[in-house]
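One chain, chain A, appears in both complexes that follow, with chain B as partner in the first and chain C in the second.
Entry: the complex of A and B
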């Protein structure tokens, strides 16, 4: 049987990351799983992939990433477990991996697992992912622990404020995961189109970002979110230029 | 050692407000981030870890040699070197 492990198996031609989400995986939608450390991200991953989990390598990267197959209602999704990070702004190797996957492999949807007991800390990553791709689903995990701490989160209000679906869950007990997969499938199929409410920066930053983004358009050719790249360039992030250069060599 | 505060809230408000940097906050006292004097990647890193304007921070543990110190910020404990904490402006009420 052909499964996601084929991507990294010897003898296969190396898969270009830019094409990984559509060509290499025989048409299965690819869903990235992001989240802060200790949010239960791996619990979600294991619950959704069951025993079909295995480790795989993303071509061009030496650090292992976990890929698994999620089967639900006759549909198959390739789930990619990214390293747990507080940020995607590339302060560490883990953040470069997570960011490059979301940027260059362009998953069909990205789940951000957040810890309901300290939501504020986790929303930083949600906004950062949403700045790269609108196809975001928030998995509001650990709502049982939050409840024990007297924290009650209004998920529909959070979804409205963020502009993306929010699914409450207790991944350890399997609660909410069916709803999570159904929501992800709806996003993958285009039945639900998230419209993230993105941060707006100071006027001069926005003006310059727009100018740089316009200049980047012919270079990026629609493959990357140009506003996002423009903001990284303004920030002086050297790792994004390096990653783009590597993609050009690989691709 | 952190001292549990037994004073009522009213007198807490009367205590003098101290403005300093995070590395100088006594263990156990709650401080509030007022400014970040750091730039570049380190600034970005600290923001990502939760040291944003207005965030509540509490030094919870100090290593035997006094550096680094563990801080509780936004529901997680983060260890910072003294030089990093010195770049974070805070205010707290003296006890």
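Entry: the complex of A and C
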């Protein structure tokens, strides 16, 4: 893992996390697309938006953010392809971009694309996204590859354990994507309200987080997830205060 | 409380209050990360099952799905990785793969480029006839047909065939998942050069396009290492320069169109391979130099994931390599080649002494082009090339693709050769203008090492936000190219003088 002290890149222009997207300003629902590198995230993005974004068997292909319009059943969604990350712990520029978008741009839903062949590592990101926002839909991708490797994933059980909808898919062949969009729309419209089962930390951490969250309430006035911000302050994340300050000043 | 000025201070105070917590003697951050990962693994294991009828031990007891899948991964792809990323074999395999790639391109591009050349220049003759029949003024014919059309034809004939073969093959490797292995193999070399291991990734992307490679440098977080990667990205030949290298290698080292073609193709492949390796070596050396002087520091650590090998999809590869790469590069080249061709024609036909009137054809001597070329000639000769080639490199700043076509335009419109019948005569044009294998070698080296193209420079400026670093990114490679070419040319002259 990278040393967190290398993140605040002095002298280099920051990769702007929240460039105003013309698509997003139109009042259409915004859906973020997150996932580990090389899970087929860009393939899902291309399939849903009809764009021919360059995909490659190559972790780190998507460095910047891409926006695209997804049209389905007369509805239009703005899809935002976030850089692939293993976590949202702000270890790198990509992780800060992805985290800040989910946290500050507050998309109407976030799809997390997970690789069915290495679920253990991928679910970690799902849990971290769910800590920020409950409106999460998991796209369980590459189930064909998993099957070839002899892994069968019980999607309903996964949905129950995570507390968020899980849609199995083979994005390369377009399988499961209609279901994915339908599920996302249901979440956007509030017909489905995911209730993520979040990991509980040690008693000391949780009580302290609750206390800080209460202190934060008047300041964040519901614009950010209080518990999540409190947890970041407790863990001593060096980037969170800067991110909050910048977002606030930018309006 | 919501005042943006006091809020950060308030948050800092809250954070200070909250810090220092330890859970069972563990740092609180470690505790939180650990909790997250444990929970993720717990859920993953509870929801994964060995698929019915899967390879070995389908009846194995349930709790070991992760372990058993890891065992099965030790199958072909794991063994392939053992080979492709082994310290010595990995590098040898890399050389082999690149060699085969270049060889296929060289051999395959030969015939279609001759055919295409004949076709396009035949069409040019037809256009000339049309202009004559319409009694068009000579300058119009010269500007449009001899200037714009002919340089376009050169660009297409020289570049399209190698691109149409090289890009699909390169995309195939990319899709299969080979490039991250290359990055893995080179990682330790970059680390030893004081640069970031991820620079091996951005360098590999530079093979496609240096501007893309420079953008990819965003994956490197440390500004110091990112600058090293940005400044040195141009030392690997991009899509725009590969066709030039391949064409020159096959003409001067592969005996294009001469008997014994197989041996020639192997020799030409070896030359291109050697150039690529030289590019990588220069990348490492210059990185080392920068890391030891202006950009001092300790390399940071990172995790590089080797993605699974995936079966490439032929249809998608064709579409992507033809449309996204071949046509993209070709269009860009053509857009710049047409005006550049017109410019070169004007330069070759307007004489300095009589700039007011455009003559129907220069009588030689003191046209703008010949004046510029003769001004650059001493430097060109010093670097083993000539004034026209240097003019080509300067005019080719917007896009490296057009350097060779522009040079050819310079030669042909200066009247040394009136009729050019196709790519087969490319060698003829060059030899008639005094080219030898040494000239070709120096041009290839200069092309490999010189200043990045205009697009890349603009990208570097956008990425670094600094004129100083952009200037360095242009000057440093130029200095390297000048040094290397001067050494090679001078060395060759010494050898010739010593052993006549």
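Brief remarks on what is shown
The rule is simple: the second predicted complex is superposed on the first by the 213 of 251 C-alpha atoms of A that agree within 3 Å, B and C clash if a C-alpha of one lies under 4 Å from a C-alpha of the other, contacts with A are read in each partner's own complex, and residues count from 1 in each chain.
Note that a contact is a pair of C-beta atoms (placed from the backbone, for glycine too) under 8 Å apart; a residue touches a chain by one contact, two chains touch by 3 or more.
In this text, all values refer to a predicted model and were calculated from it rather than measured experimentally.
Of the two partner chains placed by superposition, chain B and chain C are both touched by A:236.
Between chain B and chain C, more residues of chain A are touched by C.
Once chain A of one complex is fitted onto chain A of the other, the partner contacts of A:89 extend to both chain B and chain C. Of the two partner chains, both chain B and chain C are touched by A:124. When the two complexes are superposed on chain A, the residues of chain A that touch both chain B and chain C are 86, 89, 117, 120-121, 124, 235-236.
Chain B contributes residues 40-41, 44-45, 48-50, 74-76 to its touches with chain A in the complex.
Every residue of chain C that touches chain A in the complex is listed here, in rising order: 1-2, 4, 7-8, 10-12, 14-15, 17-19, 21, 23-24, 28-29, 31-33, 35-41, 43-52, 54-55, 58, 65-66, 68-69, 72-73, 174-177, 179-180, 198, 201, 215-216, 218-219, 221-223, 226, 300-305, 307-308, 310, 313, 320, 323-324, 463-466. Listing the residues of chain A that touch chain C in their complex gives 1-3, 6-7, 9-13, 15, 37-38, 52, 54, 56-60, 63-64, 86, 89, 92-94, 117, 119-124, 126-128, 145-147, 149-155, 157-158, 161-162, 172, 199-202, 204-205, 208, 212, 215-216, 218-219, 221, 230-231, 233-236, 240-242, 244-245, 248-249. Looking at the complex, you find that chain A touches chain B at residues 86-87, 89, 91, 115, 117-118, 120-121, 124, 235-236.
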